[in-house]
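Two complexes, one shared chain (subunit A), two partners (subunit B, subunit C).
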Partner chain A sequence: MEHIDWGLVNWSRAQFALTALYHWIFVPLTLGLSFMLAIMETIYYKTGDEKWLKIEKFWLKLFGINFAIGVATGIILEFEFGTNWSNYSWFVGDIFGAPLAIEGIMAFFMESTFIAIMFFGWNKVSKKAHLISTWLVAIGSNLSALWILVANGWMQNPVGMKFNPDTMRNEMENFWDVLFNPVAINKFIHTITSAYTFSALFVIGVSAWLILKNKDKLYAKYSMIIASVFGFLAIIATIITGDGSAKQVAKYQPMKLAAMEGLYKGSRGAPLIAVGTPTIRNGSLIKSIEDDLAGRNQEKVKIEGFEIPYGLSILAFNDPNAFVPGIKDLVEGNPKEGIRSYKERIKSGKIAIEALANYKKAKKEGKESEAKKYLEIFRAHFDDFGYGYFDKLGVEELIPPVTITFMSFHTMVLLGTWFLIFFYLVYRAVQKDNIEKKKWLLKLGVWGIFFGWLAQELGWITAEAGRMPWVIQDLMPTMVAVSHLHKENVMLTFALFFIVFTALLIAEIKIMITTIKNGFSN
Partner chain B sequence: MILKKVWLFYYEGFRDMSPRGKKLWFIIFIKLFVMFAILKIFFFPNILKENFHSDKERIEHIEKQLIITPKKD
Partner chain C sequence: MFEALSYESLQAYWWIIIALLGGALVFMLFVQGGQTLLNKLSDNEEEKTLLVNLFGHKWEITFTTLVVFGGAFFASFPLFYSTSFGGAYYVWMIILFAFIVQAVSYEYRKKKNNFLGSKTYEKFLFFNGVIAPVFLGVAVSTFFTGSPFSVDKSRIVNLKSNVEAVISQWKSPWYGLEAIWTIDNLAFLQNLALGLAIFFLARVIALLYIKKMVDNQNILEKAQKCLKRNVILFLIFFLFWLIRLLFINGFAVNPETGEIYMEPYKYFHNLVQQPALLIFLLIGILLVLWGIYGGLFKNQTNAFWKAGIGTIITVMAIFFLAGFNHTSYYPSIYDLQSSLTIANSSSSKYTLTAMAYVSLMVPFVIAYIIWAWKALDSHKLSVEELKKEEIKY
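== the complex of A and B ==
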């Protein structure tokens, strides 16, 4: 792996990103709609009002279509781990395998059993048993998400494991540390509540469309009431956990935070850019950063926009005077603020890689005391292990794509703020029974489905693009994680996957539109 | 007896399904077929399982991958 085939690395990344983005079209609706279905069915169970049964059955149909098309799309990601990311798969060992296995078993048993009761059991089990099944589907599908996000959280903040140089893989030392990894827990809540937000926007959007078409208006309004309250609570939880997420990123992935905010030079009392553009006058931002780091820059690198004074320091550390490191501080180090430079970490990582090589050599030659010495060196420098791979590449490779991360993050935050206002407006309009007159709000509601989906995907891009080049934070970069395949093979599977899943998506949308057009009454 | 009940539950559920539901299941079947019988078998082999016969060989392979620092082309 002396020479990197960047084409292979980037195509492998693109393929994984495409698969994850497609998978994430379906998952949020499953997570959120299942809870709204449970709430609607509970109302029906409590009141016995047939209107709620009709509402429940309509949304259940849409839930079923989405679930059926989305089911098992995530398995492609697991295929890719074995084919495209085999070094990574071996390196993570059982830490990644255990949560995914639990997820697989749980998803299979919970979903195949209780979803069947949801769809087939209306006249075969009691009302109570049906209601319990609906709640179990909601809880089960959300617990499935927990295990996936535990695995993802570990990649962002690897804890609870020890690397075994004899097997060349990480071994789990404490399952609870992995499960209760603060990054994983916060990420789980942030992800599922944002999924609830999108689902609420979906219910409002479909209902708004039906009202605009003068169809089943009463049922649509009742659906809107449930969705606007559910969505309002969900977006508040998303904002709170988003704040928690920013604090964790500041602690564990400071370069990601710097990229999210386009913060080049850190400061105390750092402002937050509410709205801005990550470009400067002459050329791209990243080029300017590279030039500046190389001492070639003629003008200061700065992201221009509307700033909230002290905002970033408060967001990151709950302290208006806290120091927030920028890209330059992280790359060059800032001894005054206790920040080690990337050059220092690269040196330390290189020592770790060499110690590992020497340990393996000494072991093969049966030199136990020498092996022990190298193992100690390796352990002392393990936290910087991944940086060692950048020894001959240059520090600029350690900077994530700033423009993509910045734009994704800021657009997501703006959309999230709009959703909070939007849910309130919808609730008030339905409560006052004047939503039919507010065509603009109904039209915005229909567009809300797209914006909800967009915010979801942008959140994922912020989290994943912002942590580049790491596949496992500080330990394994993408270029080391990737399997040695022919780039053309990856391009071919990329194209195949794109065609198959686009066809499936079109099929889903068509079936869904037909079902929506039929409305509640059919 | 219980097995028979479970079987009938699923059997009747699928039998009484609407035409749209059946169409959906047809799409699911195609998807699963493409995923497991085509993509998995022909395009997504497990590299470490297929190219190496034992864990010892796999460890040696990973070792080679992880202890060399990459250069810029």
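== the complex of A and C ==
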């Protein structure tokens, strides 16, 4: 592209990131707590023990406070695909719109209808009907996660579609391929189980705080039992699907993996950096990569840290001798390993775009045989279509932000490992009934809420920052997906979102703390 | 089953679904109407809380209907989604802001230590109650008066500038707000009239709902007085909009060439050429009027449902008027040939077919909403009864 309005692109990205990150502060709690509420109510229904009803109603209050702001921050995300990513909406709307519509019809209505029964139906429907409503809220909210993650998974690994040159868009060819896209399924399980993990950390954290304050200790301990078991199972599933996710990233988004691991030069038997920082000796990382690719400064770029030999090859391909491409291999190409260079892909992408333009022209002029010829060229080069929008090998344009992706990924993994140990420790302590004596564990439990939230957000930053510059992998870069706006328009709405969401977040936290201070008894 | 349908039939089927969701959304805006009456109908905090709880049990259904309306539009007519949302940017953003502040206000208003104070959340509810119906009405009215945009799908191969590569481009720096001051053909009058008609209709249906569900003499007396004024204002704005609509030039489509051209009395012709639609529209309007009459003069409790179902039917008829009979439903006044029709803006046949199967869930969804609605509305709401509730807004 000869001219790119980076101001518009970056503010549009910033606005989407802002709204998504705010939304994700609240959603994980809804996803996990709804199931824990259902479990608590089931115990109450089965045993008739009023204590469980009291416990459930306390968590239900916190659920309600959180749910409202989750809904408030969520509505904007769906519409932002249209408002800020207009070209994207047409280019892939034929595929991407369907999961969003199904999400609404199948999940949102279920959630919003039965949540009213869950909150206000205690004396209006039977116990059984209320219990079913509570379960349906949990199922509904998790179903909504399924469909939005199917949509997101498709952006990372577009399948089940074909580009139609007459309508100038991608069109769905197989709904089941879109739904059962391996990236989507793995992403769904990884995301919801990590959300359950956060919910369990929240319940444990609040309960720990109440125990530290000598308040409602019995109820808090019962809550902890449910949460520690729930959280332990959830984090195991999160770790297993996290491994699956790494393998899929290696297969479908090798540049993202290279950024996640800070792998600059690929190799066979590539080591895994367990702990480290992607620093370089002088200047910025991007500048150094640019210098290196230009043939200057060959040894300057190196990411240092504690390495596990063969770790990355095993993580990515289950093979200690597998070749894992680094940033340099992907940009410059590595014929020996069958990796095409970006330069080559850009050239091929430009052929695809030019062929498409010629096809349209030939069609308009009624030259069918010429149109057919151009269509064949276009099809042959379509896999590189998105690369055609890049003019030069601008590293900043083509490589995801390495430092952010690397740090987000590694911090998330470390926190996830800690959560596994933490849930076990909490369960053992509650089971042995000595958690009150373990003040350090209780204090860590309170901090666990923050760490859980941090891990959630870092997971999304890894997934989304790591796939830059693509809004649809290899087919459409973010710079081409934007709406026909001025950056000032987006800056204005960004500022409004920031102010409103921040004010609402403060309100939510203050109300939450006040409600928690009142404890189970009030 | 749906595979046997032609592409045109599927496009029409999805337009009917969109119309149904649009109708349901306008009906459910009675929640917004109620939010603008909280202070007017109550004398004390207890009465206000009663009203907040009355509408608070339903706000999420309105909210969800809006989200599903947007999602379904995206899935079935993505070119509308990319053109209108990306173009009328400020209008949609204002509507969305109004819903953002609504979502928390019910839950946070009465909570201790709520940071912004109860009055602020009540103002949020009022803001949402005014903005949502008025702006949604204005947005729908542009289906008949047009908007300044151009669409060219081949722009996607433009390699000169990323902004110029955008397929749908809005041609006004006000990004949709111009709909309320465009003087050409007095479009602003038409647009504002529908916005205000929907606003007063939302209040009318809210008042009918109060009459059906509230057990409080003071509120009921005030509601009765308020109903008269709002009915008159609704009728003035709606009849102005509808009658004028029959006389304006409309955006017609040549079925042979797909060319868009201006046709005098197009929407009048649409009614005459589609008698079934005319009857459908009249049934809707009569049901609304019957509901209003029942509420005003007969104190009928089912007046709410008559007016509500009438609203859904009327709005569906308005959507049919905009989209069927070779009409452009989202016309461009900047470049006539960029106007959107059901045919040129829809998803592919495969997607419409797949989504048609999904739409089979709609009756099931309606069924459980009716069950939950009945369960929650089994008794009238009074201050005394509300005091007994453990969880309330």
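Operating definition for what follows: the second predicted complex is superposed on the first by the 510 of 522 C-alpha atoms of A that agree within 3 Å, B and C clash if a C-alpha of one lies under 4 Å from a C-alpha of the other, contacts with A are read in each partner's own complex, and residues count from 1 in each chain.
Rule of thumb we're sticking to: contacts are C-beta pairs under 8 Å (C-beta built on N, C-alpha and C of every residue); 3 or more make two chains touch, one makes a residue touch a chain.
All of these numbers come straight from a predicted model, not from anything done at the bench.
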| item | value |
| --- | --- |
| Side-by-side fit of subunit B and subunit C on subunit A, or clash | clash |
| Which of subunit B and subunit C A:68 touches, first, second, both or neither | both |
| Which of subunit B and subunit C A:275 touches, first, second, both or neither | neither |
| Contacts of A:353 with subunit B and subunit C, given as first, second, both or neither | both |
| Which superposed partner A:168 touches (first subunit B, second subunit C, both, neither) | both |
| Touching partner for A:101 - first (subunit B), second (subunit C), both, neither | second |
| Partner chain(s) touched by A:480 [first = subunit B, second = subunit C, both, neither] | both |
| Which superposed partner A:76 touches (first subunit B, second subunit C, both, neither) | both |
| Which superposed partner A:114 touches (first subunit B, second subunit C, both, neither) | second |
| Against subunit B, colliding segment of subunit C, chosen among 24-32, 96-104 or 204-212 | 96-104 |
| Set intersection of subunit A contacts, subunit C complex versus subunit B complex | 1-4, 64-65, 68-69, 71-72, 75-76, 79, 82-83, 86-87, 89-91, 116, 119-121, 124, 167-169, 350, 353, 356-357, 360, 388-389, 479-480, 483-485, 489, 493, 496, 500, 504, 507, 511, 514-515 |
| Subunit A residues touching subunit B - in the complex, by the definition given at the top | 1-4, 6, 64-65, 68-69, 71-72, 75-76, 79-80, 82-83, 86-87, 89-91, 116, 119-121, 124, 166-169, 350, 353, 356-357, 360, 388-389, 391-394, 479-480, 483-485, 489, 492-493, 496-497, 500, 504, 507, 511, 514-515 |
| Subunit A to subunit C touching residues, read off their complex | 1-5, 8-9, 57, 60-61, 64-65, 67-69, 71-73, 75-76, 78-79, 81-91, 93-98, 100-106, 108-117, 119-125, 129, 133, 164, 167-169, 171-173, 175, 350, 353-354, 356-357, 360, 388-389, 479-480, 482-485, 489, 493, 496, 500, 503-504, 506-508, 510-511, 513-515 |
| List of subunit C residues in touch with subunit A within their complex | 57-58, 60-61, 63-64, 66-68, 70-72, 74-76, 78-79, 81-87, 89-90, 92-93, 96-97, 99-104, 106-108, 111-116, 153-154, 156-157, 159-163, 165-170, 175, 347-348, 350-351, 354-355, 358-359, 361-362, 365, 368-369, 372, 375-376, 378-379, 388-392 |
| Complex contacts: residues of subunit B adjacent to subunit A | 9-10, 12-13, 20-21, 23-25, 27-28, 31-32, 34-35, 39-40, 43-49, 55, 58-59, 62-73 |
